[in-house]
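Next come two complexes built around chain A: one with chain B, the other with chain C.
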Partner chain A sequence: MPSPQNSLIHEATSVFRLVESIDRYVAEHENLFAYTDATQDFFSDVHTGAAATKGSVAELIRKLSQTPERAELRHQRELLIHKGHWRTLHTYIKPATDAHTLNLPLPLIRMATDDLRTTPGMSEIAIVVLLTPELMFYHNMPQSHFDSERVFVEVPYSQGPSFFASLIIYHELGHYVFEKLKMDQASRAFVDLADAQEQAFAQRLGPALPSASLSSWAKGRLDAWTKEIFCDLFALRHLGPAFSFTLIDFLALIGLMEEETVSTFDQEHPAAALRFREQMTRLDKDGWWAHVSDLPSEHVELMKRLARKNESDYIFEFQNTGIPVFVEAFLSIVPSIHALVVAITPHSPAAAEDFGRRRQEIEECLLHGIVPSKLLADGTTLSPKPVSMINAAYCFYLTRLPELMKKLENQEDWNLEHRKNWVERLEAWTMKGIEDAQLLAQSADDG
Partner chain B sequence: MPTDLQSRTQYLALAEFCQRIISSLSEYVNGTAEVPASDLQAVLKALQSVQSGDPYKFGQRAAAALVSYEQVRTLEEVWKLPQLDDAVKLTGDLLTNEDDDDKVAKAKKVIDLFSKLQAKALWNFEQPKQTAPPDVGELCRALKTA
Partner chain C sequence: MASEESLKHGVFARREIEDRLGLPAHDPKGLVITPLLDRKRALDLDSVDVRLGTYFLLPRSLPEAYFSPDRNTATSLHVKAHVPLGQYLVVPAHQTVLGSTLEFIKLPCDASGEVLTKSSIARTFIVVETAPWIHPEYRGCLTLEIANVSNTPVLLYPGRPIGQLILLHIEREHDPNKKIGSTYFGPIYPEAPPFKNPEEDLRGLGIRQTSVIRKGTIDRDGRFKLRDDRVNRK
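Up next, the complex of A and B:
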């Protein structure tokens, strides 16, 4: 029978090898592909962490081999925890190495990084994109590894090159911002929101719940729903209605916009009807809705229809059972979410106004296959804001794509292959327009 | 989407929390360190929070090891109520400055309790099966009588 000492050495060797192989895998990919600075920094930290873990494991075994200290259960558990960390990190490495610069909408990632950095206390934040095999966007933050200056955003590998779908990453950034606000405890509006949550829980749920775990579960639901509404509104404040439109498209793609379920809250998400009602309210208050409410698009009609749903139809379903009281408790929190978003994001009516003024001109550019980086105005040129380009392009996508295709020979708007090609071109022109705006801003900064 | 493993890291956080207190108390028991006051304070605060029946605080990062439903449920499964009370009492005793001949014995009991909790946390981290969800019947009954 092997001695505890020998067993421990055996286990330590396996941890050492695991760490070494991850370290080597990362180094090989760094030699093959180009990555964003944020991903490159993440890889550097992997190398540093690998050296630290290998050193710590080797030191543990050295101490047990060369001093009177003997192997105990706690030493074995220490190795298990090291192994657990690296097993977890292992799941991040492949999605991060897949997300090299050829697979990403880089101008959008740059824009999202800049926008995120306007949030108070977040001027150094970097976005690391992970390409996931799941058809789902996700903010990924393992609880035991909160990295306060790095946001991991999972993007479905199939959607990485798609500009419009990738706008959803703004919602995922909201998840990070919410957690960061919890850490920093510096926002008055955030403290007010937490108070509103505690009050809603205490008044309607808390006294009835019989155990600590059930109480944690119930609070976890209210917190998860709060976060989802916060993230939608955070994205909206930066992107305007284009965010709502792309969210509708994406939720429909994954089957979450069915009429039978739009009023249903699940464990992690409030009902779509409530989410879009709050988005419409925010767009209206921020001056966007007036510019898109008459858009001849099913997306706008759908938002109006969802917003009209009666609150009494909302239901929280858990394990196929309607759970009472939760929805009523949550509805009392919603106004505080708006207050927080308004407090920490830029004043957006200026963006809505720019869109209102430039939309037609941008759409005309797109109708002629021209990148809308510069618009003619009063004998001179001006650059529309990137967010105006994005919204005009999305409106164009929803309403005028057939008009563009009719101008071209052998292109039929009912032909899905043709249509797909022109959506991709529209996305490419929009992305190029944003890239040009970034270059202009950069050259202005450089003097 | 987080993999199953990623979403189970909250158990790893709980195991780490246990490891910190086990290691520092082991050093005290072996005579190589003083009573680990700051670690014990953190333990006491977390346990008292569970004891109060309301460990989850809105607006605070759930990095603490005994906050989420899964973590608290793990503790409730491993320790019955008297053991939670024992752990709070023993931890409190270790933090008092009074001379106490039993301090080492008490430290060993705390190590034992946390070792059991850690074993379960590591087990849950390793297992693809999630912690059992709350009992829907119990939840509905509780809310209807509120």
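Up next, the complex of A and C:
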């Protein structure tokens, strides 16, 4: 019969081995690839944690060898806690090591980090990107023993290098911001939003719900929808219409979605028609819409069409029965979501104005295959804002790619391989433009 | 009497470089160099310093005993690497890596360019070599072949000046209707050369049969099976 001491040593060795193999795996990848500062810090913490766990486990066994009769349940528990922690960490390591800088739109991650840090109370936040096998973007909210100043964002591995698709990251950052605001309860606008939710529930839904579990479920729907609209608008305030365009592409809404589907709320998401209506409203108020509303693009037409949908067409069904009162309750919350987003994001109209002034020249640069990081205005050179470059590049992508291809030898705009190449190059020019702007700003800061 | 314009020949001087930088980016005679960091020092009397970029193509150890320049070169010969600013790349003794300039460059329609190794760099036995000529209207980050010809490994720091761009006048007008070659149009990273398969290049010379090495295996019955039909060039 194995002694309790032997069982503990066996288990401790297993924990030690798990920790060491994770630690080594990370070190091997650090030698092969470069990572963002945030990921590098995460890995440093993994190394520190690994050394601490191995030391703690070894110490536990050393003490036990001196007093073998004291192999107690608490020692087993200690090992189980270590193992549980490293099992959780294990699931983050591979996606984080896959997200090296060759697999990421690096300037976008830097820009997103800077933008996120403008949110009140989040000046130290860092973004760790995880490449996931799922074809979805997620905000990954780790358990409490992780550093709360670290945002984990999951990006589909196939989309990592794609700049335009990766703009969706901003929506996922919105999830983090929402959860953090909820946790801190320090924002007046967030408290107002929570009140609006409570009121909508109490006045329109509460009386009709017979049980506590149904009430809790109903509150959950309102909360999930609130969060989605918040995340859309949060992304929009930082990115302008480029976010709406990329969301349309990501959800494959162009020509593929049926009329009824766009009006239907599911348990987690409000109807696409409402999401885009609110985005259009926000873009209009922030001064962006006037600059893109005449863009000859299906994306803009789709947004207009979705925004025109009647509220009475919105559908939310539960067990095959429509419950319009849910939609009505939610619509009463929407203005408070706008108010919250406006309260915590920088003044977007300045960005819209810069875009309006620079768009044409940025597009001209792109049409000539030139990175648009230095423009000429009134006899002096200036750098457009990165968000202006992103939006002008997206407009160019939607409307002028064939024009660029016509200027080049042996390139046909109907040839998908050719077209893919030029989309990739357009994305590369945009990223280079952002990177240049970041470098120029940094060198100016350093005098 | 010849106009001032037609008298221009030889190397661009600083003033003309600055004039051209002041033209709109898409002006055919405009010069673009971005980001132009530390502009005062970067512009010399007759050249512009260019810095080392952060992306590299390193030579790969091939599984075969040979390298055949063909359509597979883009993925077979190099390994991509990113070295962020603040870090360094070690170039082993007698090895060459492909890097690129940090600056994106667009040449005017009436200028050719040349990249020379900065003299301070050359004196450390690092040579930016072999294909330094840049055609008029080229645009992109310049791919640099960086050879360490010394007997010791050398560290390269992205962001540091590595070369000098010299511009030379040529008599040439911009033709707005002429299509631009797409092969090296606007690269941001160092790029592998886009070879055709050899028989495609040689067909133009009337060569109908080309010897190639075929990659494959001999099965149990002694029959040859192609492992990768991309190299079947019949």
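Throughout what follows, the second predicted complex is superposed on the first by the 361 of 447 C-alpha atoms of A that agree within 3 Å, B and C clash if a C-alpha of one lies under 4 Å from a C-alpha of the other, contacts with A are read in each partner's own complex, and residues count from 1 in each chain.
One rule holds for everything that comes next: a contact is a pair of C-beta atoms (placed from the backbone, for glycine too) under 8 Å apart; a residue touches a chain by one contact, two chains touch by 3 or more.
Quantities reported herein were computed from a predicted structural model and do not represent experimental measurements.
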Per-residue contact with chain A, leading partner among chain C and chain B: B
Touched partner set for A:R17, first chain B, second chain C, both or neither: neither
First (chain B), second (chain C), both or neither touched by A:A208: first
Which of chain B and chain C A:R188 touches, first, second, both or neither: neither
Chain B versus chain C as contact partner of A:L375, first or second or both or neither: second
Partner chain(s) touched by A:H85 [first = chain B, second = chain C, both, neither]: first
First (chain B), second (chain C), both or neither touched by A:D436: second
Touching both chain B and chain C, residues of chain A: none
Residue ranges of chain A touching chain C (in the complex, touch as defined): 33-34, 100-102, 106, 361, 364-365, 367-376, 379, 381, 407-411, 425, 428-429, 431-432, 436, 439-440, 443
Chain A-facing residues of chain B, complex: 1-3, 5-6, 9-10, 12-13, 15-16, 19, 22-23, 26, 50-63, 67-69, 71-73, 76, 115, 118, 122, 125, 133-134, 136, 138-140, 142-146
Chain A residues touching chain B - in the complex, by the definition given at the top: 72-74, 77-78, 80-81, 84-85, 87-88, 91, 132, 134, 136, 138, 140, 142-146, 154, 179, 182-183, 185, 190-191, 193-195, 197-198, 201, 204-217, 219-220, 222-223, 318-319, 321, 323-325
Residue numbers on chain C that touch chain A, as the complex places them: 21-26, 32, 34-38, 80-84, 87, 104, 106, 139-141, 179-182, 185-189
